[in-house]
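Okay, so here's the structure we're looking at.
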């Protein structure tokens, strides 16, 4: 890590860094949809829209702001099934090296040792959205496992299964990885400032490809940070007032 | 015709063992009616979250009202995991039927159309499918080489319950952009609605209000319950009380704490809303 | 993003041979756009009535724009049979794909969900089924002894066109209780809307208007066309001109009469609404 | 026909007679739905509701009055599929002795000699509505045929077909018939005043059962006629102003 990046890194919060990292993955997309409880992906999508002069279109299903859906809870999924959503975000209480995700529980099923909330819409969205970005802030062997205990949604499918979509990237607190559906493996794309390839390896339960040269994930520049703390903070506050207050110090005026 | 009654009469319409459908915490959940159900000690519910739930499911589970839970997820959102839900699944106290959001919407649409099943994309290869003996993977039944697809049997709830800001005197109920409530009501055998106010109007008489109205044709009974969604919010009317929900999450982390909450906020207060 | 353009630009977006879907005469039919289509001499349309049509289909057929018609019925209602439609079917000038109302709604819902087909009750034993090589009768694919059921392949229109009283500057369009327009737009590759007015508002900002709004996400282009549904009506805004439709029925009873009508009301008047 | 009935018959129009006849078939129903272009069945349903003190519920899909449907064109059919509609009305450009109905065309298919508008929703409604009343004002061999040229919807179905609904009655300008799905035959129930069994037989292209005693269809009494010309006329005028003006002389005040 060079001097400049250390200085840049000091000027932003971890959330701001992740937002900028995810936003960089959204260039060129036409329509980014953001599910419930996703303030960081939500900010990333709004930042990308701001930088793109209104493109991508951003739809946030939580709340009424930036929410175009007027046909009930099914519309997000119908919309994805129609092929109108280019990018979506999924988490995973467990994610394995084949990009299988588990949102259901650790240990046995149906009586897991530790129960998670459940699969939400993953078992459809993962199949039909062309670019699904996995987001796992906690980069640990607890989350990034060798093999998930329950497949909420598989990372890849056999050729006879209609699957226009799937995972393309994984963003964690340590690094950015790309997923290749052909090899069914992740590849390390960049490591966040202040962290190392070794650290990523030590904290990852699955095997992944590492190119000879692994760049550092660039930190957000001053312009982006300024945008985030003003326009984006005000916009996301309509959906996530608590998050906006905590991360940007943005107080919503009712 | 739609019946206008009180909250306890409404709760009495939910028999033990009923397949009861509730919308997510953000979608006008009838918390006052949920508390009335707990007070009347309803048992063995097959609770269907459409497609996810939070406080409502957690409280019904904690109070021992639920036999089977079908849901795509249960969570208290920003307030964290749903403690009574997690505990009940881990201990085997309830039977869990894991689903995924679009599967629940689709199964209700099948009931809405009166067809025995509907297909849904995705799903193939998810462990959700292998644990559901009612879902069926078939090879493209059109015979066009479309590959495997999952067929989901219709779900027809015995009872749908929700809370709305307003009904009219004819029993028509405002649902606004909460269209999942319409699909649920169409799919169900009976629909029970609590409301903030009953207005001397006909919502169907004006195109502007008709667009967001569930007709009384689908409404079995209406009961007035001011603040009936609290401590959850009623979008456009009042905000959820996140402090209350966070306090609940903390207190309900143990069975004993949940009992205290129940005694204080539900059983001890037959007529008052928690808030 | 939604494009705001003029009527001829809008009509130019419907390519020859397109699968074009139109709602029934009572559901905000874009007659000005239909006339613009006829003026631009569109050819070989696969016209889908959702699920029935009247004046719009009859004029497009009479003007030679239609290759295939899929509909549950075509009629001028109180003004009697649709003369150009009847004549074209009897003479074999168009290919007719007879359907039934719920089958068309269902096939569009399949496209709306992105699934390859949906089942529908009834139908078995109707000659409609034996004349449709795309519909398939299968034995209950759930294997529960439910008997035969018909599977309908999804219909994904290339273009949906309708006329609405109002759009906002963001391209959101008011549809009120005309929810078939929403299903159509969701199912289609592109949706073209003519409107009476474009308002400097955001229909999605208020729960009351959001409930009756089709979001710009689904709207390809909007064009202003005052009186754009005339001589049909725009429920709540203006009544249809039944005398005009009756006169049309009489005049269009012969091919020559229809040509006269066309020359006078459509081709001769590029910018004016018939009324 | 006796004197009283002749006198009664003189006091009402043919439309009023048919309305009263159909209304009599609706007693006990919970929900009667009326399709497009059905002013006579519409009046009958409204009359039955008036006489029943608000029951049956009446839903008219044409226009906004008495129209509870807010979920688009599919809702009528979904509602019927849910089992929420007890009575519906269908016509038939051709109806045969097995209650098969043809709304498509006379002569061949797909190029009929005479094309009719089309099947509308009959191919579903005939299967799922428990009591479908066939309404054919023109009682002639042109309409009531030996065998329909095209089956828009079949009168009966084999046992393996799920069919909770079907035809129960046929009302024409001459008579009322009942349909028995077990024998797959119509039976003459009553003949309208001024007409005879012979006349019905002469004008019917199919064979049907005739009991020994065929009563006369009772004409509407004075109370019902008064109701029709006041309350029902005003109510139906909201949906069918032209019909209300022509039949009841009811002028709509906008």
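To keep things simple, chains are lettered A, B, C and D as they appear, and every chain counts its residues starting from 1.
Throughout what follows, a contact is a pair of C-beta atoms (placed from the backbone, for glycine too) under 8 Å apart; a residue touches a chain by one contact, two chains touch by 3 or more.
The structure presented is a predicted model; accordingly, all values stated were derived computationally and were not measured.
Chemist: Where the contacts of chain A and chain C overlap, which chains show up?
Modeler: B
Chemist: Just give me the whole-number Å value for how far the CA centre of chain A lies from that of chain D.
Modeler: Averaging C-alpha atoms per chain gives centres 60 Å apart.
Chemist: Averaged over CA atoms, how far is the centre of chain B from the centre of chain C? Could you give it in whole Å?
Modeler: The computed centroid separation for chain B versus chain C comes out at 36 Å.
Chemist: Chain C to chain D: how many Å between their CA centres?
Modeler: The separation of the two C-alpha centroids amounts to 29 Å.
Chemist: For chain B and chain D, what's the span in angstrom between their mean Cα positions?
Modeler: Result: the chain centres lie 40 Å from each other.
Chemist: Can you list the chain C residues in contact with two or more other chains?
Modeler: Residue numbers touching two or more other chains: 106, 109, 113-115, 120-121, 146, 149, 177, 182, 207, 210-212, 235-236.
Chemist: What parts of chain A, by residue number, touch at least two of the other chains?
Modeler: Residues 64, 69-71, 75, 77-78, 81, 128 of chain A touch two or more partner chains.
Chemist: Based on which chains touch which, is the overall arrangement a line, ring, star, complete graph, or other?
Modeler: other
Chemist: Any two chains that touch count here, so list every such pair.
Modeler: A-B, A-C, B-C, B-D, C-D
Chemist: Could you pull out which chain A residues touch chain C in their complex?
Modeler: Against chain C, chain A makes touches at 31, 54-55, 57, 59, 64, 67-71, 75, 77-84, 128.
Chemist: Per the contact definition, I'd like the list of chain C residues that touch chain B in the complex.
Modeler: 106, 109, 113-121, 136, 138, 140-144, 146, 149, 151, 153, 175-177, 207-212, 235-236
Chemist: Show which residues of chain C lie in contact with chain A when the two form their complex.
Modeler: On the chain C side, the touching residues are 1, 111-115, 172, 182, 186-187, 204-205, 207, 210-218.
Chemist: Once bound in the complex, which stretches of chain A touch chain B?
Modeler: Residue list for chain A touching chain B: 36-37, 62-64, 69-75, 77-78, 81, 103-105, 109-128, 150-154, 157-158, 160-163, 242.
Chemist: Help me check something: in the complex, which residues belonging to chain B touch chain A?
Modeler: These residues of chain B touch chain A: 23-24, 26-27, 50-52, 71-75, 77-78, 81-82, 85-86, 89-92, 95-96, 98-103, 105-106, 109, 120-128, 131, 146-149, 177-183, 235-236, 242.
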